[in-house]
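In the two complexes below, chain A is the common chain; its partner is chain B in one and chain C in the other.
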Partner chain A sequence: MSDLTAIGLELAVVVTALSVLVLDLWTPPEQKRALGYVAAIAVGVIFVASFAVLIPEPRMAFGGMFRLDELSLYFKRFFLLTALVVLLMSTEIADRIEAGFPEYCALQLFALTGMMLAASAYHFAMVFVALELIAVTFYILTSYQRRRLASLEAGVKYLVLGAVASSFLVYGIALVFGAGGTLDFARLANSSNTGSHRVLELGLLLVFLGLTFKLASVPFQFWAPDVYQGAPTPTVAFLALGSKAAGVALLIRVFYEAAPAIGRGWHGLFAGVSAATMLYGVLCAIPQRNLKRLLGYSSIANGGFVFLGLSTFSAPGLSAVLYFLAAYLFTLGAAFFVLCLVAPTAETADIPALAGLHRRSPLLAAALALSMVSLAGIPPLAGFFGKFLLIKAALERGPSWPAMYALAGLALLAVVISIYYYFGVIRAMYWPGERERGIVRDPEPIVLSGLTRAVLWFCIIGMLWLGIAPDKVLNLAEHAVRALAL
Partner chain B sequence: MTVGLGHYLTVSVVLFCLGLLGVIARRNVVIVYMALELMLNAANLALVAFSRFNRNLEGQVMVFFIITVAAAEVAVGLALIVALYRKRQTAHVEDLASMRL
Partner chain C sequence: MDSLTFIIVCPLLGAVLIALIPRSFEVLFRAIALGATGLSLAGAVWVFGGFELGTARIQYEEVVPWVYSLGISYHLGVDGLNVGLLLMGALVAFAAACVSSEIRERQKEFYLLLLLMTGGILGAFASLDLFFFYFFHELALVPTFIMIGVWGRGANRREAAFTITLYLSLGALIALVGLVALYLETGARTFDVVAMTRHVAAHPVSESAQDIIFPLLMIGFGILVSLWPFHTWAPLGYGAAPTATAMLHAGVIKKFGLYGLLRIAVPLLPEGAQRWAGLLAVLCLGNLVYCGLVAMRQKNFGLLIANSSVAHMGFAFLGIASLSLIGVTGAVVVMVAHGLLAALTFGLSGYLHQRLGTLEMAQMGGLLRRLPFVGGVLIMAMLAGCGLPGFANFPGEILVLFGAWIRHPVIVSLAAWAGLIIGAVYALRAVRMMLHGELPQRWHDTPDAANAWRKLPYALLLAALVIFGCFPRLLTDRIAASAQQAIAAAQGPSMAEIQRADDRLFGGPEPTKTSIGRRGASDAGQKGIATGRSIRLTGNAAHE
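Let's turn to the complex of A and B:
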């Protein structure tokens, strides 16, 4: 019984998903959209309820497979808030999703369950099942607009590359089991000092590769631009926030808790991946003309920033990563919400098509502009403080490992390059050139519903609040990191 | 000659590499998908072999999870490939290039 209370939040999400599926049977077609609001309200309630969960000390459940601690709770709250924004986004475009809107919401809730379980996974079987729950639901979510070729193509690409990544992960788990003799993180941490090191390291390397797919970082970054461009926008937002953060949570679990000695020895690998990913992301983003594709490359670059924090193997670095993710949530939430409203198809997400958006809807233009500024890392917005904390944590590691100075310099360079293309988007909206002005034929105003305004304001205030008064969330992040023995 | 752990692992590694080669070299999405299953089964073989020679049943249980999840993945994957085939009348990797810069 006590084990069931440990997974209370996950159970609530599963019950919500099943209720949405059952309620769908009695809902007339023209009212299906209301189910999206039902799901969003339920997720909002669960998010608020998660603050009532008190864990004086880490709690293990199901024979040590599931661990409820402050770190997992931080990630669970992050996933719930992400799902709330994504569900509202999906409801906004409900009429464009022909193939069953309630199922679309239910699948998002199942993916959310997988993410929440991944945050608590303390056994490799749990890691695998949680990751596959996320992956398989996302194969469907990416190709959900199955009449659009782009969506299908994105789905097949995500499917093939995702399956390659999960077979790397599974083979890595097999080797870890062979060398360590167990799949349990706690026992693995005790036994990793003995036994055949080479096989264990090879296994962990394969697990690492499998997880880089989730973060869209080198060497598994190829899928991101195509999938971001082709998939339905709410799916992309969930992929960029939820799926990526689930990968981060598992990287922390495996390399900080299950194999801390090997993880610490691999800070060079983490730093190398960080450098390559940041450079690949920012350099490839420069010539892009499609905003969704641009955000795909930007997401790769931000995966590199996450690795910068992970490679420090220090408490400040890790809390900077957690803070960066929270900042990223509000920033991308605003950007994708605007994209949902102004760009119904992949073709209309071209950056020149945004020309004159501030005349059609000042709030949409302002929200998109602010989120671009935040992504670029300009003070006083949330994105600035996230990147500042990450680079600061890297510099603090400098005295004991001088290569971190170079990596921090590289991160600064990446920020400077990224300003160019993020401001290109703002320029296209407010100061379009002659050529772009001709593209937009219908400068009619966009009418926003009250709820849409509320969500946009929520994201804008979140971005400003995290940038101006970061201590509250930073305290939460530091508290979460204390669950780890660093 | 007795068959030892090394033999099983050699077969498993060969299977995994063949699968990876298939994913990289073959051009038909269905064949690529079969090669992916080969990679998963290579991992299953390794898990069972380790489990048998370490006298630890945990690995065998893991294999059940992998087989079940792989079945779900195949159901979704094949449905996707069929949907793509209906739309494009092709299942070749080269034809999946409508999105560029």
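Let's turn to the complex of A and C:
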């Protein structure tokens, strides 16, 4: 029974998902949209309830497979909030999702369950189950608009590369089991500390590679731009936020807890991946003309920033990563919400098509501009403080490992380059374009529903809050990191 | 609300207010901008007037802890280094809001961004916490980008907007790395500049770290101030920016880097400062001579004053590189004076551009006949730029040259030559080509600034230049004690000995509050904070 209370939040999400599926049977077609609101409200309630969960000390459940601690709770809250935004986004474009809107919501909730389980996984079997739950639902979610070729293409690409990544992961897990004799993180930590083992290291390397797929980082980064461009926008938002953060949570679990000695020994690998990912992301983003593709490359670059924090193997670095993710949530939430309103199809997401958006809807333009500024890491928005913490953590690690200075320098370069393409989006929206000059066009205004306005304001206030008054969330992040006893 | 917070919050609240008012109330936006910057100016005048002379103490201090775990606090305060800058910034912001009547379209966004910029830069000058110092400065970045792109002039304003944004971001980020490294190296676990200074006095930063962090700050801040050879963004950006943006940026925001060097780099990294001051002095020659020569070749008045504003920065850098009390005091005076002057010249060039549609000097001529007021002010501004006594630039520049003589005699000779001759050549040439000579037919009915309201911004800036030029002690008496504190650790041994000798001669350096009113300032001088003497001398020289 106590095991069930430990997974109470996950159970609540599963029950919500099943209820949505069942309610679907009795809901007339024209009211199916309401189910999206039901799911969103339920997730919102679960998010609030998660703050009532008090864990004086970490709780293990299911024979040590599941660990509920502050770190997992931080990630669970992150996933719940992400799902809330994504569900509202989906509901906003419910008309465009022809093939069963309630199922779309239910699948998102199942993916959410997978992410929440991943945050607590303390056993490789659990890792695999959680990741596959995420992956399989996303195979469907990416190709959900099945009449659109782009969406199908995205789905196939994601499926094939995801399957490759999964096979890496499984093979790695098998090697770890063969070398360590156990899949349990606690026991593995004990045995791996005794001495290094080539096979164990190989297994962990394969696990690492499998997880880089989730973060869309080198060497498994190729899928991101294509999938981001083709898949339905809410799916992309969930991929960019939830799926990526799940990969981060697992990287932390595996390389900080299951094999801390090997992890620390591999900080060079983490730093190398960080450098390659950042550079690849920012350099490839420069020539992009499609906003969704641009966000794909930007997501790769930000994966590199996450690796920058992870490669420090220090408490400040890790809390910086957690803070960065929280900042990323509000920022990308706003960006994708705007995107799914102004660009119903992949073609309309071209950046020049945003011209004059500030006249059609000042709020949408402001929200997108603010999220671009936040992504670029400029005060007073959330992204600035996230990057500030990451660079500070990297410099802090410098005295004991000078390569971090070089990595921090590279990160700065990446930030400067990224300002170029993020500001290109702002330019497209605000600067008078060639077409607009001279001819006074009267573009039709975009009418926003009250709920949309509320969500956009929520994201804007979140961005400003995390940028101006970072104290609260930073405390949460630092508290979460303390669970790791670094 | 405390005075400094009031000064910062007025523009920011104004920006929020503008954001909330619907577009149809177009008249209100300008009124709000004028009101908000006007209130800021009033607050800054109040703080400047109430500033207690002769002490290096932080005044009007406010501290609110912000992020405990990192040691970040919202810490505002003024001392001699920034009280004048704050006043200058508020004055320029008000003038910039005044001249913005040329903006006809999308007023809501324009004034919102203008106020955001103003609040940011005033906040940066008032902040005594590294984090907020940087944070407030960066508030101006996005507004600059959008303003140049949307309301800017010229065909290449797009490239200009991107260049200025990327270049300044690079500079700011390099400075940020330096600041974070400084935070980590001091080991004080605080971003509070005052606490750090206190900590560093007892536990200096290791010499090897100083050797690396100081150049980081010097280059980072240097880029922001258009230190040669990192100056190329400035003429391009200012040439393309709308009038108000150029005024605020060239006048006020550019001083942020200089202020950062004086507030942070020199006091906290004294040995690094000593080691790198030589290079800084050499680079400043690049500004004074090279950029001066470039300004001489310009055919466009906008580019001419943009280059000349880059050139003038050389004096401020030279003052800092002198690491002497007189030189640093002069540098602060130059910062204030140049802020007013740059705002004035960019304001005037904006007026001319609006009326004539061009700034090509070859097409102008004889405009003084049509524009007695604007032309007259322009002549005075150009003369002030040459360093004519009576304008605030003169005492600043001469203090810098005197102060830097001991450390860099050769550079001072060259700088004086560059400042006086090159500056005079391009300034007088511009006056001759634009204002004298034959008036072309097409400019025959160019209107002058029509009413008192239109004349106000120029009159205010010019008045400030003249007041500080004729009574430089208004500034130097405020600056000297703080400047002394800033360079106390970085002064060379010989200077320190001079200092000690002075103290022995003139008694204790700690004057009491009652003895120093604004009128009793001369007492403070006689009490002999080492340079009280010399500054008084040059002050009188300026007078005569």
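Some observations on this one:
Note that in this section the second predicted complex is superposed on the first by the 474 of 486 C-alpha atoms of A that agree within 3 Å, B and C clash if a C-alpha of one lies under 4 Å from a C-alpha of the other, contacts with A are read in each partner's own complex, and residues count from 1 in each chain.
Here, contacts are C-beta pairs under 8 Å (C-beta built on N, C-alpha and C of every residue); 3 or more make two chains touch, one makes a residue touch a chain.
Not measured: the values here are computed from a predicted model.
Annotation: superposed three-chain arrangement on chain A; chain B versus chain C shows no clash, the two fitting side by side.
Touch criterion met: A:230 reaches chain B, while chain C stays clear of it.
By the document's definition of touching, of the two partners only chain C reaches A:388; chain B does not.
When the two structures are aligned on the shared chain, A:163 is found in touch with chain B, with no touch to chain C. In the superposition on chain A, contact of A:432 is made with chain C only, not with chain B.
Of the two partner chains placed around the shared chain by superposition, chain C is the only one that A:474 touches, whereas chain B remains out of contact. Of the two partner chains, chain B is the only one touched by A:175; chain C is not. Set side by side, chain B and chain C differ in how many residues of chain A they touch, and the one touching more is B. Looking at the shared chain after the overlay, A:146 reaches chain B, while chain C stays out of its contact range.
Judged by the touch definition given at the top, the superposed model places A:183 against chain B, while chain C stays out of reach. The superposition places the C-alpha centres of chain B and chain C at an angle of 140 degrees about the C-alpha centre of chain A, rounded in steps of 10. With the two structures overlaid on their shared chain A, chain B and chain C come no closer than 22 Å at the level of C-alpha atoms. Counting contacts as defined above, no chain A residue meets chain B in one complex and chain C in the other.
On the chain B side of its complex with chain A, the touching residues are 9, 12, 16, 19-20, 23, 29, 32-33, 36, 39-40, 42-44, 46-47, 49-51, 54, 56, 58-59, 61-62, 65-66, 69, 72-73, 76-77, 80-81, 83-84, 87-88, 96, 98-99, 101. Contact residues on chain A toward chain C in their complex (touch as defined above): 358, 362, 373, 378-380, 384, 388, 391-392, 395-396, 408-409, 412, 415-416, 419-420, 423, 426-427, 430-432, 469-471, 474-475, 478.
The touching residues of chain A, counted against chain B in their complex, run 124-125, 128-129, 132, 135-136, 139-140, 143, 146, 149-150, 152-157, 159-160, 163-164, 166-167, 170-171, 173-175, 177-178, 181-183, 225-226, 229-230, 287-289, 293, 346.
Those residues of chain C that touch chain A in the shared complex are 23, 66-70, 109, 134-136, 138-139, 141-142, 145-146, 149-150, 158, 161-162, 165-166, 169-170, 173-174, 176-177, 180-181, 183-184.
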